[in-house]
């Protein structure tokens, strides 16, 4: 296969992934059903109806941030890749399968707030996505895919980042079992994990 | 990171944004439920059923125009950007989050026409989108992102435009509180604001 | 604005349009609701349930073909355009607005087969799309947008094609008023109109 | 038409196809409805509710894999194509029409597990997709579309692959008639068929 062709294959893979991320992130909203009140309902009734949707709004924004973060990681990693390799195809597809599944776990959690099972399911889905994302990142930043422009520091940085997401998601799974009400708060441990990892194996912060 | 890479990162960001805009704009229609009438219903019954959907149709077309206008602004601004900077990522994602939320506020407004709360929510969502859009525009047309081809005039023009959208959306929020029935009419103040701004700080109209 | 930039603006416009066409065409299917039968229902009951969905299947395939045809026309015309012009933006957005509306008129027609109003609405939507498509085609194949590679013959060909679609859609509107049962059959008049137009103002068939 | 233009037409076709594949694959999830249980339901009730969704989950993952496999095949074949030809347009559109239809057959099968008709319909849809995919592959790897970089071996490889998918889908249709409970298991015959084909007409495995 000509060199130009393989670059095009990489572009197309990235494109397809972008589309799946974009659709999954935008589909989140159709799980929130607009309340329909009788005509001339007082404003108070509307505020109540919206207040009841709080878990759905929260779910929307958290999942938007989560999928957005996975997309940004994908974006960051593939900027370091220079060549296409079929080895990435299966792992990337598996990652997309979990991302496209997020609207379901989000809707399930939002309609059953504070319950343990939906919280665990949500966090496990995130953990699986984090593990697959780590694998995709590893393949994309290893030969033969890694580009010439990528420095060892860049690579160490994106890898440490994806490890911190795995640890944060695992923390969230733990929270979900013990205190399901605040399972997603486990995610805020991600920057914490990143800092700890930076202590253990110091790496200079990359441009991003 | 190599120069070629960062251009690619900009392209991918633009692409992802386009996809989210396109999906949000196309999802608007699935909130309109097709009426199902008994067989051999007279034509009049059908016209009635359609007439009852007027708020949904109106909502569809106004939101299509609103999201379309935000996309066109995004398009216009990124044509002036030449380089990628990670600084844009978070703001752009926040803007996309509000855009992807528009199908919900549209459906809510359409099923509760003339009520104050849905009108206020709709206009506030638009105002937030306008503010985020202004911030994205500012980052995209400042160093290090701004391209060599962009003239000071081009930049002043897109910035004045995004300010006029913020003022128009703020006017719509005001309308929504006072006369919710015509809240969205506040949007037609946008060209008015643009003209006023042009008086205050005259700028030559750019190619677009 | 630099020349390279304006080409990029054209690409992005085409891309955004592609995304809207692709989403509208794929959303058609979610208007068909999968039947759910009691366990151990005989095969016959399933065939019956599917038979009742015939109008939905028909609607799906016809609308898929219709949107697909509009996309192919868009594809064909923009292959002749070489430069971006902001003049196309509004018309193209209006065209996309009608295309994104097709899932609604399809679902309405499918749930009210043989009724006049849904048939008329469907065909009018198609006629409006055809008129907007003709306008978009005209702008894209006129200065300043038309590319150097486009010959007079290529341009005459795509324009005659879009005129034949307008006439075919107008025929379908006529059918819808008189014999709603076979409104969409009016579309098969498109190749007929193309042949008539070719007689009136003969043009050599282009590559496509 | 200039040479550069026709390459752009190929890119746009590939792009549009990618978008339809991506949307169809991501829409699969919205057919799974999130269970909503009364507050303070015990964990057991949640596990039960999820267990009842098993067919939907299974359907989601199998269809994700199936659409994903068709996309990967499309990806692989178009990497061998170098030039655009309008001859591919109709066949590719027909393939996309069947792919976009998969969410329906998936939902129908998932809500009527173990019934013969939905299993047959699912497998027939897959068989039609496989046949259309084979035709698209043949056109894309024949003159005038095939690129200079594509070797005879590459072409033989992708063609043998698409034939093995057709045979696997046909096997699945057979299974669906006889033992609908395990219809989709017929798909695992695909690698088997591939091996048999490799015996009959030996071809060296390509890079992918």
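Labels A, B, C and D are assigned to the chains in the order they are written; within every chain, residues are numbered from 1.
Going forward, a contact is a pair of C-beta atoms (placed from the backbone, for glycine too) under 8 Å apart; a residue touches a chain by one contact, two chains touch by 3 or more.
A quick note: this is a predicted structure, and the numbers were derived from the prediction, not measured.
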## Note on the structure
Shared touch partners for chain A + chain B come out as none
### Message
Do chain A and chain D, two copies of one chain sequence, contact each other through the same residue numbers, with over half in common, or through different ones?
### Response
different
### Query
When the C-alpha atoms of chain A and chain D are each averaged to a single point, how far apart are the two points in Å?
25
### Euclidean distance of C-alpha centroids - chain A vs chain C, Å
36
### Summary
Among all residues of chain B, those touching at least two other chains are 15, 19, 23, 27, 30
### Topology of the chain contact graph, where touching chains are joined (line, ring, star, complete, other)
ring
### Query
Can you list the chain C residues touching chain B in their complex?
1-2, 4-6, 8-9, 12-13, 15-16, 19-20, 23-24, 27, 30-31, 86, 89, 93, 96-97, 100-101, 103-104, 107-108, 110-112, 114-118, 121
### Message
Which residues of chain C touch chain D once you look at their complex with the stated criterion?
### Response
14-15, 18-19, 21-23, 25-30, 32, 34-37, 39, 41, 43, 46-47, 50, 60-61, 64-65, 68, 71-72, 75, 78-80, 147-150, 154, 207-208
